[in-house]
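Chain naming follows the written order as A, B, C, D, E and F, and within any one chain the residues start at number 1.
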Amino acid sequence: MDISELLRLNLLSPMVLAFFLGALAVWLKSDLTFPEGLYATLSLYLLFAIGFKGGVELSHTSVQAIALPALATLLLGLLTPVVAYFTARRYLRLDEANAAALAAHYGSVSAVTFLAALSFVQASGHRAEGFMPTLVALLEVPGVILGILLARRASRGGRLGEAIREVLTGKSVFLMVGGLWVGVLSGEEGMKKVEAFFVAPFQGALTLFLLELGMVAARRLADLRRLGVRLVLFGMAVPLLHGSVGLVLAKWAGLSLGGAVVLATMAASASYIAAPAAVRLALPQANPSLYLAAALGVTFPFNLLLGIPLYYATALRLWG
Amino acid sequence: MELVRLKLVTIVAEAILEKRLLEEVRRQGAKGYTLTDARGEGSRGLRTMDWEGKNIRLEVIVGEEVAERILRTLQENYFPYYAVIAFVENVEVVRGYKYV
Amino acid sequence: MDISELLRLNLLSPMVLAFFLGALAVWLKSDLTFPEGLYATLSLYLLFAIGFKGGVELSHTSVQAIALPALATLLLGLLTPVVAYFTARRYLRLDEANAAALAAHYGSVSAVTFLAALSFVQASGHRAEGFMPTLVALLEVPGVILGILLARRASRGGRLGEAIREVLTGKSVFLMVGGLWVGVLSGEEGMKKVEAFFVAPFQGALTLFLLELGMVAARRLADLRRLGVRLVLFGMAVPLLHGSVGLVLAKWAGLSLGGAVVLATMAASASYIAAPAAVRLALPQANPSLYLAAALGVTFPFNLLLGIPLYYATALRLWG
Amino acid sequence: MELVRLKLVTIVAEAILEKRLLEEVRRQGAKGYTLTDARGEGSRGLRTMDWEGKNIRLEVIVGEEVAERILRTLQENYFPYYAVIAFVENVEVVRGYKYV
Amino acid sequence: MELVRLKLVTIVAEAILEKRLLEEVRRQGAKGYTLTDARGEGSRGLRTMDWEGKNIRLEVIVGEEVAERILRTLQENYFPYYAVIAFVENVEVVRGYKYV
Amino acid sequence: MDISELLRLNLLSPMVLAFFLGALAVWLKSDLTFPEGLYATLSLYLLFAIGFKGGVELSHTSVQAIALPALATLLLGLLTPVVAYFTARRYLRLDEANAAALAAHYGSVSAVTFLAALSFVQASGHRAEGFMPTLVALLEVPGVILGILLARRASRGGRLGEAIREVLTGKSVFLMVGGLWVGVLSGEEGMKKVEAFFVAPFQGALTLFLLELGMVAARRLADLRRLGVRLVLFGMAVPLLHGSVGLVLAKWAGLSLGGAVVLATMAASASYIAAPAAVRLALPQANPSLYLAAALGVTFPFNLLLGIPLYYATALRLWG
């Protein structure tokens, strides 16, 4: 299958289409709204299911197999927030708090982008390592914490410990890591029991979720116009940077081509579930419009549409 | 009928503050609270993601002094950073002595 | 399979039984209630899923195959509101606003009745054309708009354009048409990904939905008693009329027996999802008890229990 | 404590009116609003389907004049056709100058 | 503007009482009510399971006399056994004669 | 498969793990919460699905096959509340109202515990009779009513009839019995239509439900500490007592080993869905902390972890 065919497949998957349908709803001023609780229910389901599948895979992965990839992921978790922070300081000329807020977002990972990468890789006939969801859980946390640390001078003292505690016990991380443990402990036996709920309907649930996410993202576009073209460029350049670093580290860690594309995408993605909540509490002086518009309004669709195929094309060269 | 004249303090704030605000009002002396989910707009537009819920509408029935303490804390620690609105009314409460 | 057997099968399907169970809950004054948001979630899911399936089917339907049936559907969309309007004026002696409100409801289509017809046809060993859900989306809109137009003199001027806009971007129509496009664009490839969410559990979700709908309908029965026997007769005569017209047009358009029964049922059904909202906003002076009691309290169960088997029996003659 | 005396206008109406009422109060001069989902009964029974939600309870904090304008619009354009109830209270608002 | 001065009675109670409280206020003369779902804590902690919902916040607009009758019933039949709080305010109601 | 292996399997099923994960969330003060309505939605789904499956099984069960087991179940429904009442009076020295409240809870049945027993039995290679869910519906009600009757002197007169009405039309009983009828009437034909919704995803939905239940239970632990060690002992002794009675009656009724373990577990379990609501309304003077902490904080995890394997081990002897 050639790349243009893959691109078409990527663009025309129900998930991506649902995202744009959601945006269209806002644009047409449709009165479509999601009932209170449905968005939260879907998030809860998706996060737990990702963790669970990762855990079951992990239950039959040897320590050797995962050691280097895990290390590479941790390195990404340390490198990417720093890269994002200094880019934001220099290029966007932001103050410390706002730069740190962006760093926290770009240093952690978007679960939905991760899933899109996984589907893309499968559709292209490759296969990512089974333990990739484990790496998502690993990458979710350090970025946020490092971001907050970077802003320490900016933040009004004190609450750092509390903020870290809040990230670690925050529902997103808790559900994903919790699901992981349930998966590790219950293994294939457990999987058989709950497969029809947590695995088979997963992509359909994701489609509904993206419908809502498209609406949320579209509402951010007004912010984006106000914040300017530099932020849009930032939201596309940083993923390219992080994606490249991700590919290099994936190569070093000995991942397969499929795994490398997924890891690169993870690095390139910006969190919009765990990070915003943590940052809002720890860095209230940072402007939420800024980081939400960048992460959700620019980087998310950018990765979905162009990023993933690009990381794939690059990987084809490196692994070829 | 034993009606006691007390203050009803209503606070509308972004949902992410739920835990902190509850601790805050308790610390200032509130004996209880009532909370409903709400949405809204003000001078600051939308703030965090829906995943965190939207706004909360927090009501506490308290004596005059506690009411004042609560409002002062809000003004100092929350108004500068977060989307919050707060107002007070007079209410007559059944068995109101329980709440002061 | 003979008709009495089909009737039994129809009556004893979990969906129909759930509808009566819901009515029973109200009648027994059970404290059964659906959590806020569940009804809306199920509606959203069902509408999107109907559209999506229709879209996927459409993606491998030729223009020739669907042209005539689509035309027939549009004709139904123009004819049926007019028939309903004048019946309501003459026979029920309603004022213009109330007659127009009924016209809007009986001119558009009930998605759930449509689905019941589809199941019935399948159970009887026939098969409706794959593009039927496309026709539902087509029939949903014109009836409502025509109804509002008919009431124009009655309505307090102005807001017509706004009302039409509200119908077209209203969530029901938006979800169904949006799902249709997602289906058309993602095709069978997309279907494979989300089948386990949007197709397999569909009838079960519909069962839950009908449980709630039974409760809503039963609460309308009090209104019905107040509004009198003429309205009940109206709610049964109009579907028979519209169903016959539907069969004739289906024959003309060259539909199969299965498709004809489904199209007739669509014509015979009265909307109680999209129409009430649109009518409430555009014709506030019309009495909601009237149109909701008729559409949901009479016509919906009538079609479910007797209408569909009747249209089927008639079609057997015409196509035999 | 800078408390400003303002009016709290509360409107309960069928949920389908949400969009229109929000535009209405904004047009009359409200700077923000808080909205909760509610259910209820009054003289008109149930109205539309649950799919549209049920009632909304809309609160706006405004100056006296705006309050009056809002109530007048409601009375003229909504009370005759829809299920609506509206009432006003006096409240003392923290940093109330923001809302007038 | 025809504003009528009436009483707004607000009752917060465990959700399981919904049906009973609605009957009660109707029996005492209320012509309508507005209800929102709420959660809260007071002197009695959590009570029943979430499956029954949590608290309800019930508002009724009534004349002075009915208000008093409602509060008296609450005090006699509900306060001793259930988690309930009730308070009264003065409100000015558009077309308020409908509600007395 | 030996017992230690079964114990491991029981402990490491996704459901049980999810329960403890929920408890952990409370213990770590995570901000994990279930959206309003999700708990109610899951309850509604689980209760209806249990009833429905029971009904479908019942539709091909002869009266002879079920007569004795049903009688045994009714006897349990009369015996167990009395046993619980007098144990509570003597051993816990509770007043009449509180003892009666406990009796109502231990006299009826916990649907989730029932399901855990069913899974356990299946995993052990045995098979419970198909009509077991029918028996659950049968055991749900009498305990609650008897409990209220026992407290009649204590209760402030009057409302007994109302209370019984409220139990019978209460949503839990209504959904389960209603689902049963839908199942009986629609039979295997109906099952085929809605299997993908009510059967396949069932255990996964149960896993989510237990995640929330773990959180609720953990919040009760504070109460437990206050109420003391005697209540903990009560919460473990009564199930053992009731479980033994259940085994004896199961033997008498001629149930298979699998069915016997399930029936014993039903007897041993304490309701925390239907009973608390009914008791709160009928016996407001009883202390909810007491009965909720006992039923949900002690007896539920006790049965899950130790009770079921114990009833199984005992049954192995009796049936061996």
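By definition in this document, a residue touches a chain if its C-beta (ideal position, glycine included) is under 8 Å from a C-beta of that chain, and two chains touch if they have at least 3 such contacts.
Predicted, not measured: the structure shown is a model, and the values here were computed from it.
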Common contacts of chain A and chain D, by label, are B, C
How would the chain D/chain E interface be labelled, same or different, where same requires over half of its residue numbers to be shared? different
Using only Cα atoms to place each chain's centre, name the chain farthest from chain B. C
Counting only C-alpha atoms to place each centre, which chain is farthest from chain E? A
For chain B and chain F, what's the span in angstrom between their mean Cα positions? 40
Round to the nearest whole Å and give the separation of the Cα centres of chain A and chain E. 46
So which bits of chain D are touching at least two other chains? 36-37, 89
Spell out, as numbers or ranges, the residues of chain F touching 2 or more other chains. 31, 34, 36-38, 40, 196, 200-201
Sites on chain E touched by chain D in the complex: 1-3, 6, 8, 31-37, 61, 89-96, 98-99
In the complex formed with chain B, which residues of chain E make contact? 10, 12, 36-43, 55, 57, 68, 71-72, 74-75, 79, 85-89
Touching chain C in the complex: which residues of chain D? 14, 16, 20, 37, 45-53, 81-82
Could you list, by residue number, the parts of chain C that touch chain F in their complex? 9, 12-15, 17-18, 21, 24-25, 28-38, 119, 196, 200-205, 207-208, 211
Of all residues in chain C, those that touch chain A in their complex: 36-38, 40-41, 44-45, 48, 52, 166, 169-171, 174-175, 178, 181-182, 185-187, 189-190, 193-198, 200-201
